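Next come two complexes built around chain A: one with chain B, the other with chain C.
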Partner chain A sequence: MSFATPKLIDIVKKQFLFKWKGYRPFFTNLVILQAIAIIFSLGGIGSSSHGREGVNVSESIYSADFVLAFTMLWAFIVAILLTSKAYREADFVFITNRFTAQLANVAFLFTISVIGAITAILSRNLLWMITYFSSDNITFVKEAALHPSEYVMGGIATILYVFLFSAVGYLLGSIVQMNKMFAFILPVVFIALLILFGMQEQYLLLWLHEFYYQEDSFIWWFVKTGFTATAFFIASFYLLNRQEVSK
Partner chain B sequence: MHIIFGFMPIIIVVALVIIAVFIGLKVGRSKKTRGNKSLYLLVGYGFLLVLSTILYYLLPVAAEDPTQKIDVTQIPNLSMEAYEGKLANVDEKYITQKWTFPFEGNQLNIEEYWGNGDVIDVYYGTRKNTNEIEVLLYETPLIIGESFDASEIRIAPKVSLEDDRLLIQHPDAGNIQLSQFKNEFPFRQFLKGSKGDLFYSADLDWDSDYYGDRVIYIRVPARVQLESNVDEQ
Partner chain C sequence: MNIVQCNAVSKSYGNVAALDEVTFSIKQDTITGIIGRNGAGKTTLLKLIAGYWKHSKGDIHVFSENPFNSLTVSANMIYIDDQMTFPDAMPLHSILTEAARFYPNWDAKLAKRLFDYFSFHPNQFHDHLSKGKKSTFNTIIGLASRCALTIFDEPTTGMDEAVRNDFYRALLRDYIVAPRTILISSHHLNEIEHLLEDVLLIDRGRVKLHLSIDALQQYAIGVTGNQAVLSQWANDQEILFSKDDGENSLFLVVRNNVSKEKMDQLLGLGIKPTSISPAELCLYMTQLKKGGIDDVFRDA
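On to the complex of A and B.
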């Protein structure tokens, strides 16, 4: 029996490293998902053509929006999986409690959010390279370069959007762990709410879009997103802490 | 029922998430979750992304440049200038082609033939003390996206003189296929204006395109009588 009291940070760090090594197959899923998204994106996110004054101009718009959306979905699924019994039991190979395990989960989710966001942002260049070398007689036009501050804000926003989706997944996963019936109830309720709000012309997604995406003040957006993610994780901590020990 | 169909994409995504979670749980239980293969795959993928990023900046590709934004308000309206008989006052930089033909006769028949594109308006004028027919093609630039000058895709007309016939073959339409790469939505969010929209609309970009104008100006010696196979302007 050891009388040494390990520091919280050390435990979390050990658990994080364990997850980092043990859950690497998630990155295989990330690469596959992003590859699929890149294939979907090859068709462009928009196109238009019209002519006037003796010219016909047709334009295809490309962006890695699909890749980002798939990355957010990936983070969402990984977060749900981390709350599952199969993954939680792995935490007990260490001296741990639910709090440190969950802190390690949040650190892991944030790390994969950073990796997912960076690869998603860079995938645009891969998309560009594929279309560039596979197209004939097409004029490529780059969008004007952003100001460095816009790059920084966009990069942080990408990471936080992915992290936010992981927080949502973590909360939903925690709710499902309370009772497995929620695994069926939550998707049904979600779709029913969408339809219900849709019938009343109060689109839920539209409200979310306005609340988060229409916010053009970076500071306010950061506060909103950061607060939401924190609230979701705290709620998840509370729900998972109510679970029996090594159930 | 149509409302449910409207939400089909979301329903499909929810179904995919459920399937992915079940597959993930199976993988989690299989105890085969460790290994370096995934890390190598990620590193290889990362290398490919970095390589494509380097190429993106190295390969010569036209780029929009807000600092080079062309002020279209300073570009003359050629049709208006021609209609008011003021083409001679237009800056010579807008003359993109010039044909001259020696001509001794007193009557010139102008014959226009149409191609697959728009017909360029033809205007006439006279010159004193000369035995030359001068044909000038005036063009103002074709600008896409406020700064990308795509004028060179336009095809020039063919002009020739056969005896007393001046033949003008109007060109086919020029074609250009553009591929534009836009920033992702978190980057667009903090940009002002339409670029901040979540769902990108290609139509938005057309508002900023400027198609310019083209006019053919034929100047003949003052003594020459003109006949044309189209209405005279």
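On to the complex of A and C.
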């Protein structure tokens, strides 16, 4: 019998497809979450109305931010699940080592980030349609005027934000896998930080906000965010690469 | 060529050693039974070989590589037990399709035939199968993948007797068509004895015996007789197991290297040695206490 000498990239591809086929239910969850977010968004985020000489004009501002927030949360949870015992064991049913399994996980998370981001962006149009058809009055829909390049940048930015959240989830999941005690410690620390930030000047939050969100240069922002996500994944690789499977 | 080579391999959890300096090697294209009591270390050993777990001390080589994190070992090895988890949303037929994509030697025809023979439904989910059916399905993957090293860890858990016999037969027939190195762990040596070429007996984390099944059949004899007389006779023999029934009668299992003179002496006492089957021998050699469970109920 001859021994197969596998190529790393082939195995990663196979693992990726295996996940792609096996983890379809994640996308059902995404559809449900985005639908809920759209319902939340129907109230609009701001409105004003004014009338004169028998004509009433009411103006509402709608945003798909809710949908995007839910999508990020979804990517975060999917990433945590991928690091859990059951999912790692499923990797090891067929050919893999820890490294290929993780590369396939990152590829999978990136793919779902693209899908999540695009559907979140497109949900704006759904939101407009719903408001348009659900109103008895004459409705004009006016989109914020954007240059086509801004659409592309907006798309890339959305994808990267979702991916960054998945990276955070993956790292937290990996830390919990290292020692289950962190499953209790991390949420407690998180809530404690929230309370602390509520009481004090929010230096860290402000700094994060400034460092990522308020970066004017798209390229710089891209580098910063991309670098952060990569760093999180490398840290996770390091943690998970020593984990034993199927205890 | 040795497919598996272990030199003084230990695996411990804290202070408890699951495996204690285990040394042995497995030749290419043999079927070896890994035999031992519950908790003897069979699964630990197999998971180290599969590269799922990391050994604590010693050297372990599978296909001349350390199996932990080795892609080559993973590509040429499959590990089958009743704990295999597949993605929830994957019906049985897609699991087989996926397995075919991964394993270069996958025998789709064999998989399909076994699948139909054991009357699985393509759209069933692995999670919904009964214990025995799960095990049966997993063994189909194990056989059809035709990996150079195929590990079955208690593959027949939950299977009924008919399915167990079918599986053993399928394993043997497929082995003849496609020889490979097979490790199969079990409590029931008598059921799988006819499949095996070698037996690796493990007891409390150590290798007790590693012999061919033929050698095992000749390894020991049993003698029963008067306690005083027999213990006198056996004081220079290698005693593997002894049991007294409390009524002056003694049963001994001794190494089958008794000299002619000693044997005549025994026959002169009117004691006829009995043969000890490999399954019995393994049981006797892994008894926890000399008196067995009866000791627990015996008043001090």
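Heads up, the rule we're going with is that the second predicted complex is superposed on the first by the 222 of 247 C-alpha atoms of A that agree within 3 Å, B and C clash if a C-alpha of one lies under 4 Å from a C-alpha of the other, contacts with A are read in each partner's own complex, and residues count from 1 in each chain.
Please note the rule applied: a residue touches a chain if its C-beta (ideal position, glycine included) is under 8 Å from a C-beta of that chain, and two chains touch if they have at least 3 such contacts.
Worth saying up front: this structure is predicted, and the values here are computed from it rather than measured.
**Q** State whether A:Pro25 touches chain B only (first), chain C only (second), both chains, or neither.
**A** A:Pro25 sits against chain B and chain C alike.
**Q** In the overlay, answer first, second, both or neither for which of chain B and chain C A:Ala144 touches.
**A** first
**Q** Which holds for A:Ala86: it touches chain B only (first), chain C only (second), both, or neither?
**A** Once the two structures are laid over each other on A, A:Ala86 reaches both partners.
**Q** Taking the superposition as given, does A:Leu68 touch the first partner, chain B, the second, chain C, both, or neither?
**A** In the superposed model, A:Leu68 contacts chain B only, not chain C.
**Q** Regarding the shared-chain residue A:Arg98, is it in contact with chain B (first), chain C (second), both, or neither?
**A** second
**Q** Which partner chains sit in contact with A:Ile9 here, chain B, chain C, both or neither? Use first/second/both/neither.
**A** Neither chain B nor chain C is touched by A:Ile9.
**Q** Now for A:Leu206: first (chain B), second (chain C), both, or neither, which partner does it touch?
**A** Neither partner.
**Q** In the superposed model, which partner reaches more residues of chain A, chain B or chain C?
**A** B
**Q** Per the contact definition in the header, classify A:Asn241: touching chain B only (first), chain C only (second), both, or neither.
**A** After superposing on A, A:Asn241 lies in contact with chain C but is clear of chain B.
**Q** Enumerate the residues of chain A that count as touching chain B in its complex and touching chain C in the other.
**A** Dual-contact residues (chain A): 21-25, 86.
**Q** Provide the residue numbers of chain B that touch chain A in the complex, in ascending order.
**A** My answer: residues 3-4, 6-7, 10-11, 13-14, 16-18, 20-21, 24-25, 27-29, 33-39, 41-42, 45-46, 48-50, 52-53, 55-56, 59, 61-66, 117-118, 120, 142, 144-145, 147-148, 150, 153-155, 171, 173-187, 189-192, 196, 198, 200-203, 205-206, 209, 211-214.
**Q** What part of chain C is in contact with chain A in the complex they form?
**A** 29, 47, 51-54, 63, 69-72, 74-76, 83-90, 94, 98-99, 101-105, 146, 148, 178-180
**Q** Hey, which residues of chain A end up touching chain B in the complex?
**A** 21-31, 34, 44-48, 50-65, 68, 73, 76-78, 80-81, 84, 86-87, 115, 119-129, 131-132, 135, 137-146, 150-151, 153-154, 157-158, 161, 183, 187, 190-191, 194-195, 198-199, 209, 213, 215-216, 218, 221
**Q** Any idea which chain A residues touch chain C in the complex?
**A** It is residues 1-6, 8, 11, 14, 17-19, 21-25, 86, 89-90, 92-100, 241-242, 244-247 of chain A that touch chain C.
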